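Shared between the two complexes below is chain A, which pairs with chain B and chain C, respectively.
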Partner chain A sequence: MAKKLMKGNEALAAAAIAAGATHFFGYPITPQSELIEYMAREMPKAGRCFLQAESEVAASYMVYGAGGAGARVITSTSSPGLALKQEGLTYMVAAQIPAVVIDVSRGGPGLGNILPQQSDYFMCTRGGGNGDYFHPCFAPASVQECADLVVEAFDVADKYRMPVLILADGLIGQMMEPVEIPEVTKKPIDKPWAADGGHVKRGEHNRINAMVLPADGLEELNHVIQAKLADYAANYVRYEAIGIEDADIVLVAYGTPSRACKNVLKKAQADGLKFGLIRPISLYPFPKEAFDKINPNCKAVISVEQSCGQMIEDVRLSVLGKFPVKFFGRTGGNPIIPEAVYNYAKEVLGGKA
Partner chain B sequence: MTNKLDNVQLTIIVGHFGSGKTEFSVNYAFKMQEAGHNVALADLDIINPYFRTREITDDLEAKGIRVISSILGNKASHPMDLPSLSPELNLLFQTDQYYGIIDVGGNPEGARALGRFSDGIKKTNYNMYMVINANRPETETVETVLAFMQGIEEKSKLKINGFINNTHLVRETTPEDILKGDRLSRQVSEATSIPVMFTSYIEDMVDMSGYDLAGEAFPMKMLMRPEWL
Partner chain C sequence: MLEQVLVAGFGGQGVLRIGQMIAYAGFAEGKEVTWAPSYGPEMRGGTANCSVVVSDEEIGAAQVLEANSIIVMNLPSLHKFESAVIPGGKLFVNSSIIKEKPARDDIEIFYIDAQEKAEELGNNRGANMVILGAYAKATGTVTLESLYDLVKQTFTGDKAKFVESNIACIKAGAEMV
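Presenting the complex of A and B:
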């Protein structure tokens, strides 16, 4: 298929349809509205269900219901909307319901603004609801990666029966790039657990339930969830590493800031400086193994985020004190400009920051 | 006071988001300013939250181009997706003070914002050009371009009288993309009897010299997208 020009939001939607999404539930919010608009237009044409819910909370329970009945289901929102969906998400974790949840993140806290920001890292990776769980979470840095990761997210969700998050900052959602929407031929796996009336004999029941009253029963469920997360974390580490083996400075960035950092690497190379980059593609599991490959004489690792610093906690846990960990960030929706990162990194290298 | 409406110079740019409408509008504004016009560029986009004319307001104003957008501010640091249009827009069609360029939001709903001003605009000899990008899924065939055009005309209550072929794939654009758009634009032009006014492209990216292109060749600089993005 020839490449087309699409916004990240459109590519996320088109790839979800290509991946066989049967149901979309959502509520519009900038900067992800093109996604829901695309779904409103294209899902009915494909004979699938599009429904605009009355709120984000309602949408998340529609996802719970449809997912529990075995549908390939997706919802999308932006930061404050994801905060509202958290109750539904923790219920889905408990009820072991697969779903793809997209966050095209914007400025916060609160209603914040409509500009791109990466302050949803904790909410997307840790799980913003109650209970013990993390969210499988992918972070695309291009429109093509948006499309590819959505397809993968559906399979991961089905395999582990969990909601899988895609965290794309607002700029990734809004920017235009050439993209090839993948052709998906693989059939979704069977869901014998689904409450669809078709998998059980008369008198038997498949139950979808987020409440377990006996202590031993709930402990057992928690062990099941933890085992699934451990297996997932062992198999889905994704990252891109550039020049870290002999770097004096290693930058760590995901999403849009990683694009600025790639430009920083070019500037450094032109000036004869050795900079490297780790770009996590999976935010949970965080690619800790990449940090083992860093030059032992590296001067510092810098977490570059469009936030006040959230991923830096995972960076510290991965560096484990081997190198100084520094932070460069902008917030409020202000962009991370390569020049600013480069100047800061040079100060760090010179021992001035 | 007399209204010299016949002397009003007004060009309205419409097209799907991603067509390159804002890139064209901004480049066109600089070109008209260089040609000696007193240019005002209005950002009427209530559809796209990012990549908007107002993001390069400082560059435009440094060249003496007046930027008109939201009553809530013209700068990128005051982002709004509210239809809070400035009454200064009326300057573009109620006076002949400016060579006016209006950059309209990326779909028929965006063109609705223009509809509110249609009575005033109709009293002028305005041009409304539609930007075509054959690589956008919504405008890749004659049928979809015509349907999109009809939607824009209905909502704006104004008539398109020219096309701009601005077919591109951002940094992966090749001459073949522009020629694909050239074929589509010519077909649309034939179907509507409306001329192709310009073929626009980023001059640093493709060399289109020696090609027979519909309308006037309009080489542009990439102004709306930073080098690193």
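Presenting the complex of A and C:
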């Protein structure tokens, strides 16, 4: 397919259709509305199922049901909507149901506002529902990455039988950039576990269930979930690193703020300063190994977020005390201004912050 | 080349369309482009604005906070964004409805009587195309030919009758700078 200009929300939707999504269930919320609108228009044309649920909770259980029956299923929402979907998500983890879940995040807490913010980091990376689990989480920083990561998310979800989350902030969803929607020719893998009536002989049955009463049985399920995550972590953790081997200051940012940080790197280079950037593309598992490549004489690592400081906890756990870890953040939907990050980083470099 | 543009005005003045035309034209010319709307509560009744970046290289921030050029279509937008033009940058003022003069003396200011010119050409909804033509000519970010091509691709079928009047507005705007 040729490159064209699309919004991030539209690219997420178009890539899901290209990846063979058979079912979409959702409930409208700004700033992801273009995604559900695109699906409402295009899924029926492709002979697929689009259904606007009566609520986010209902949508997440429609995903559970369709996914359990072997469908390639996707849902999308924005921050307060994802909070409502968490119950369905933890049930999907327990029942080992693959699904792709998109959060085009907005300002919080509460109903907050519709501006881009990154304060869903904990909810998206820590296992937002009850129980002992995590699920993979990707964070695109461009419209092209929105499209590419959706395709990858479906394959990861099917391979590991887990919900996979894509966390895009409101600006990534709303902005237009050139994008090439990938042509997906690979067929989805077979799902012999699905409760679709077609995979078992008469008298046998496939069970899709989120409840395991015996202690040993539930412990075994937990070990299965953890083993899947460990295998995933060994194979899929993704990040972009720029100039960290000889940097005096390393910025860490994902999504929209990572783009502002690229402007900061250019300013620093023009002034003869050595700044580097680690941009996590996977937020869970966090790309810890990137931090091993930082210049041992680096003065500080700065976590730059559109939040009050959430990813910084993973940054600290990755730096393990080797460098001072500082924070620069804006919240309420206010943008990260490259000049402000640059001035702060220079203060840190000069020992003044 | 790195051009960072802000376009602002009332909702309904074709502000987002001006930005999209710059982005689409830059894209057609093989450049890297981003277009980002403001989509906050200010869109209802207040100012609408969008950021466009056109570059030869990978684009970082898509939200323009320090602009090489700003196009303002109404007075509140002039007040809000005048300070965001970098020194030496360009400010395009829709002087048909903005009667106030900007305070800045370290930038290049273009007064474009966009509404009056559009009406003179019989296209009273073409003020945004007039100021777009002025912008394209004065900055050279995208060529006028790219904009004409876009107009032809946008208005097809029974809307093809709008092609000529929109191209006339862009051309007239270019002649005003």
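Odds and ends about this structure:
Just so we're on the same page, the second predicted complex is superposed on the first by the 353 of 353 C-alpha atoms of A that agree within 3 Å, B and C clash if a C-alpha of one lies under 4 Å from a C-alpha of the other, contacts with A are read in each partner's own complex, and residues count from 1 in each chain.
The criterion applied here is as follows: a contact is a pair of C-beta atoms (placed from the backbone, for glycine too) under 8 Å apart; a residue touches a chain by one contact, two chains touch by 3 or more.
Worth saying up front: this structure is predicted, and the values here are computed from it rather than measured.
Aligning the two structures on chain A places chain B and chain C in clashing positions.
When the two structures are aligned on the shared chain, A:96 is found in touch with neither chain B nor chain C.
Of the two partner chains placed by superposition, only chain B is touched by A:6; chain C is not. Touch criterion not met for A:144: it reaches neither chain B nor chain C. By the document's definition of touching, both partners, chain B and chain C, reach A:259.
Once the two complexes are laid over each other on the shared chain, residue contacts for A:32 go to neither chain B nor chain C. Of the two partner chains placed around the shared chain by superposition, chain B and chain C are both touched by A:113. Chain C runs into chain B after superposition on chain A, and of the options 39-47, 111-119 or 147-155 the stretch responsible is 39-47. Annotation: chain A residues 3, 5, 30-31, 113-115, 170-171, 174-178, 256, 259-260, 262-263, 333, 335, 337-338 touch chain B in one complex and chain C in the other. Interface residues of chain A facing chain C in the complex, by the touch rule stated above, are 3, 5, 30-31, 113-115, 170-171, 174-178, 256, 259-263, 266, 333, 335-339. Partner chain A is touched in their complex by these residues of chain C: 20, 23-24, 27, 32-37, 39-41, 58-63, 65-66.
Partner chain B is touched in their complex by these residues of chain A: 3-7, 10, 14, 30-31, 34, 113-116, 170-171, 174-178, 256, 259-260, 262-263, 333-335, 337-338.
Here chain B touches chain A in the complex through residues 17-18, 48-51, 77, 79-81, 133, 135-137, 140, 168-170, 172, 226-229, going by the rule given at the top.
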